[in-house]
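Take a look at the structures listed below.
Here come two complexes built around chain A, the first alongside chain B, the second alongside chain C.
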Partner chain A sequence: MSATATLPAPAAVPPPPPETVTVKVNGKTVQVPKTMPNWQGKPEPTTMLQAARVAGVEIPHYCYHDKLPVAGNCRMCLVECGTPMMGPDRKPVLNEDGTPKIARSVLPYEPGTPRGVIACATPISPGMEIYADSPATHQMREAVLESLLINHPLDCPICDQAGECKLQEYSVEHGQAESRFVEAKVHKPKAVDLGPRIILDDERCILCTRCIRFTKDIVNDDALGIVNRGSYNTISAFPGKAFDNNYTLNTVDLCPVGALTSKDFRFKMRVWFLKETSSVCTSCGTGCNITVGAREGVIHRFEPRSNDAVNGPWMCDSGRLNYKWIGRADRLREVRIGGRRSNWSTALREISGKLSTAPAGSVAIVASARQTNEELYLLKRLATRLGAITDSIVREGEADGLLVSADRNPNSNGVRLTGMAYTEAGIQLPKIAAGIAAGTIRSLIVFGEDVTAHGLDAGLLAKLDLLVVSDVLPNPTTEAATHLLPGAAPVEKRGTLVNTKGRLQKFNKAVEAPGDARPEVEFLQELVEAVAGPIGTATIEGLFNRMTAEIAGFGGVQWAAVGDTGITLSL
Partner chain B sequence: MSTKVVERKPLTAWERSYVPSILGGLGVTWKHFKRTAPFLGNKPITMEYPEQKWVVPEGYRGAPYLVKDQDGATKCVSCQLCEFVCPPKAIRITPPGAEGQPADRANAEKMPLEFEINMLRCIFCGLCQEVCPEEAIFLQKDYSLTGVSREEMVYDKEKLLKLGGTHAGVQKWKHKLEEAAEQETFPVETAAATEATK
Partner chain C sequence: MSFSIPAPLEARLDELVTHYPVKRSASLMFLHALQEHFGYLSNEAVEWTATKLGLQPVNVYELVTFYPMFRQEPLGTTHVKVCRTLSCALAGSGELRDLFCKKLGLDSHAHAPQTTPDGKFTVEFVECLAACGSAPVILVNEDLHERVSTSEAEKILVEGGRRSGSVGGSAAKGSANPAGK
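Let's look at the complex of A and B:
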């Protein structure tokens, strides 16, 4: 994946080049830039498809994709067009009213027949007219669709793509009502195991080659190709090799039909039942934008959401499949005091009572870089009031040069900005351990981390008077807690995160937290207000605006300005 | 608008004794008894439900049940269109998932793990039958559905298949499989070519 293709510089949109071309789309005159970014973001002559988009006309297409090289093989974007007629003197021929005469494109050997051109690969020229709605264009689309459907099995009832299938959509919009094909269809292999996460149904494939181009040009893993001839064309992995890289599931999104389907999502839920929520992936520091698909409180899939400033239209397989823990049976769903079930009001009253009387310097807070900025801000307020020593935990892996970041925490920058950890997270942990051992630190607050794996073992934790732990899944630290507060997974709450490149992004709540579990912001707010006095706002928006006004690093950004694709902070 | 006051005559002593009303009523009863009593040679005009059951007309919309094909296989492929279209949300389908049981029909790939119809919610509208691309659910002739609990009125897949019986139809998945097998033979023997060789 070249850096330019997936992660273009988050700079503001460059000003449109001064050079424009005037074209007509469906009779409407529009000024279109002479060049537009190609799949790699480099300027290239504007194509008819891009020009039509500028005019607000979407030309149907299968093989064309903004972020993939143009192939021009599906022929779905065929349109009729016309160019200004030139006289023998190389001067435009004019109509009687002075307008340039337009020559419609026709077959050279059959001038009565309109000749379509593929809008995805044909550059525009001055004065060109694009007829995206003419009878000839409609006829061409109908014929292309008919040809694509010749060997299509029409097994929509058992196809996972049904509901978000371009073949279905275009058949309704542009296709014929009935099939004229009476011969036996060509049958190809079904349910082919292409790789560990992908199933291929060759009969459904329309051979647009989007998957081949993606894996070759974006992931640099030339794993797929087309074998056999004519009607027997099939997509295939290299013999004896599995289609297995960390980006294979993007081909499922790319596939305009149901040929490539996800093994994970296979036969799980029909897509029209899924409630879609805009969110952000929290598996690493990149913070890919995602759409969460859930039905009745059950998460069924994550899909990438296009954001050119972060992830383009892609995301990695490991992040996409990292949702199963959310529905785990052993999720923490009870408030516990000393191991016995309690309730929120009792627990918060007890904790705030003990913290209010704690002498300065006797409290330590270990925050998590998986927490939202709002949670970290509230913890920071608490830490300031208590004079507490704070830190966070580093989580590192290996970067893959594409989307996976070496920083496996989604909000390391948020931890730094809110001041919950110094520029280097984790350096205060030995001090906390020493403090507990020496008996100067009597209370410890831990959010979303297992500190027993980071130098604060169970023996040390047993020395504490108060150990407040909030987490989502059980671990040795939650077992040692005097007060256990069940928290919410990222998809169960709202908040903002700052990715490794300083992109401030917000995510929304897709499902409810199980049992008594609550979003951390809610109970932290109650706790902080009880210990450190009122904050003066009850909403997450208000809290965010308060935080950005107080902390210079956030540059005073307002919640409303963040938008669905985030905003870049100068770190 | 004028008001007409109806004169209510006070009842006489004879009328107040109820005797004329009782006699009048007995007269009506006797008249109908003579006209309908079977042992007086009359044809019965009522149906002794539930010993006798009404035969519903063609096209009657009774309870929706799942059907099996002529080979005894489940026709439903769990496409969930009926669940989507059902106006009172009476239908609930659990799809098989990736590791679920494979369909008992060859080539269909998919069948529901569970299929429930809440007969208390069902309004017998027939949209499920209309929308079904597999001809797997039909409104049948059952109109009297009873149970002693709400749970009992939620019919599961097993019960629906048992009640639904068999519906012979085009076996498109089987047909596709046959077509695919034919494709493997070469040269392709068409019906016309076979005729010609004879």
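Let's look at the complex of A and C:
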């Protein structure tokens, strides 16, 4: 070959389509990728369980979990399968009609008996047939379930897992109506105090080891193990050592049965009474997706909601348990003017009257990075109209390398995008303090922050003509307010947040705000329209779309496009 | 009780680790050595082993609870192991064990080895002692007794009652005071 004078320009080659393997699931032919992500997201040969999922068939399982190493110990996913028969010439043996002859899996020493393979750990091969619904598969499942239930207590009526228990679910599908068991059940420890947030019932445990693998491989805290292996094997921590990392409650979600229960939630509420609402955790800048479980206006639990772009299927214990303040008795529930109870229309009329006549530069606004984008956008409109100086408060902690972010504000990016604070939050606060001290700033609007802890002490606040404060819990700033507007907790309203990585996520309302308290967006919109003119939309969807069209950073995203798991912005 | 490992023992164990491709593989040898020295494996011994081998205590604890040969409590001065496997069971080892338990005031239905409150006897029901031809057999400390009759069992009890101060079983080599009394 001779060298050519001009090198051909590298053509834009589209990435090759993923290599596929053809398999049959319950008689249906499907093309599945040759490799699929394993628990760490790395490509590995596709397993039968994954292939069946591609075909829309869910194979029952206990120990298998998408995000944990495969253990293959519960045997629930046993299925009968077949592979193309090979002749001595290594060519497939064909039926008379030209289709490949399939050899069903059988016991080597008993060729008449079907042999199951565990779908969670067996890779597929070309031409494989998976019989997830065959009589032999059903028989294997029944036998495995019977064995798992041998020593399981029949305490479903008082078990916290009831209603979301895989043993119950599979018993409906594969269980036997009558027990053949006449012997005495093995008794194991009950109500074991495993750690500060977890109680373990060893008799309910089916030894799937999900909890052990989670704490070892995900949290890197190898705290749990199986002791007394044999008939009395039990999950345990080392004696005297509490199972106490910031992710222990995930083992309660992972536990397919009622063995691991949350001290916070156990015996509080039957799960089927809970109204579930998709939401986002607001305890730090990660914004883990959660499901809020509430009944009759009372929050009973937060659970992680799977989102691979943010938190996977996990969340931290501190975020999960950070809901008690929502129901606190001292929640702000009254509109107050000068410390006396008033009502929304009077308060908003007074505030807008004073703001409309305020000279430019005499108003300051301190927003919170715990507020939603929509609230911040409305505040920004107000600030623009008034020529107000704005800022928000930084809330820093320590990152744990897993889910907890160093930024303890859920919406620092929203504050930056809406322009309520610039790249660095908190730098305008001293200017605001100086302005109040000098008497140039006469009005201050504070949302969701206690400014007395950030350089604006009660003495300074007393100099103001107008101090509008909106918050959910009392603090020294709310005490000093001339106009106090009770706001809503995140679970009591709708809105969007942008996490530290630029994921724009929306959350929904699970319960009503107490007393006169209202979602901030509602009264802010009234106030902003009274001061700065109509916005032209009355819904949160419309407000969001208006905001994303106006602020380039949001990239024109429409509310409908955000979905339940959010959308990533390029920041 | 203060937990301390004599320097020669520690040196021997450190050397032992070098025999294995991964440290963890030395776990069983560590536990054997520590049980030989102390007479039983305390939680401190398990934690010490875990620290030495770069493991978590629960990893070592799993091993200790799995093997019947590892004890988590001190033994009595006379350790009676009664065989419960088939030949001995047919030849009346169950009755033999009941007799020991009854005479010593122990629970004959207990699952684990039991020690009398005075620390003189431990009675354990064990798997095959490999002397099926002369069932029923029992092992008293390190002495095998074959075709054990009730009268011989009673004799063993009397002898065991006289034995004191010294330590039963393999624990004798390392420490004169395994129970830490």
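By our rule, the second predicted complex is superposed on the first by the 554 of 571 C-alpha atoms of A that agree within 3 Å, B and C clash if a C-alpha of one lies under 4 Å from a C-alpha of the other, contacts with A are read in each partner's own complex, and residues count from 1 in each chain.
Just so it is clear, contacts are C-beta pairs under 8 Å (C-beta built on N, C-alpha and C of every residue); 3 or more make two chains touch, one makes a residue touch a chain.
This one's a predicted model, so the numbers in the text were calculated from it and none came from an experiment.
Novice: Which holds for A:Pro153: it touches chain B only (first), chain C only (second), both, or neither?
Specialist: Once the two structures are laid over each other on A, A:Pro153 reaches chain B alone.
Novice: Who wins on chain A residues touched, chain B or chain C?
Specialist: Counting contacted residues of chain A, the larger count belongs to B.
Novice: Check the residue A:Leu224 against both partner chains and state whether it touches chain B (first), chain C (second), both, or neither.
Specialist: Once the two structures are laid over each other on A, A:Leu224 reaches chain C alone.
Novice: Touch test for A:Val557: chain B only (first), chain C only (second), both, or neither?
Specialist: After superposing on A, A:Val557 lies clear of both chain B and chain C.
Novice: Regarding the shared-chain residue A:Ala191, is it in contact with chain B (first), chain C (second), both, or neither?
Specialist: In the superposed model, A:Ala191 contacts chain B only, not chain C.
Novice: Have a look at where A:Lys268 lands relative to chain B and chain C in the superposition and call it first, second, both or neither.
Specialist: Only chain B; A:Lys268 stays clear of chain C.
Novice: Counting only touches as set out at the top, which of chain B and chain C does A:Pro239 meet: first, second, both, neither?
Specialist: After superposition on chain A, A:Pro239 lies in contact with chain C alone.
Novice: Using the superposition on chain A described above, determine whether A:Ala162 touches chain B (first), chain C (second), both, or neither.
Specialist: So A:Ala162 only meets chain B here.
Novice: Once the two structures are superposed, pull the chain A residues common to the chain B and chain C interfaces.
Specialist: Residues common to the chain A contacts of chain C and of chain B do not exist here, since the sets are disjoint.
Novice: Could you list, by residue number, the parts of chain A that touch chain B in their complex?
Specialist: Interface residues on chain A, with respect to chain B: 153, 156-158, 162, 184-187, 190-191, 263-270, 272-273.
Novice: Quick one: which bits of chain A touch chain C in the complex? Just the residue numbers, please.
Specialist: Chain A reaches chain C through residues 222-230, 232, 236-241.
Novice: Sort out for me which residues of chain C touch chain A in the complex.
Specialist: 43, 46-47, 55-59, 61-62, 65-66, 111
Novice: What does chain B use to touch chain A in their complex?
Specialist: The contact residues of chain B facing chain A are 77-81, 83-84, 95-98, 100, 107-110, 133-134, 176, 179-180, 182-183.
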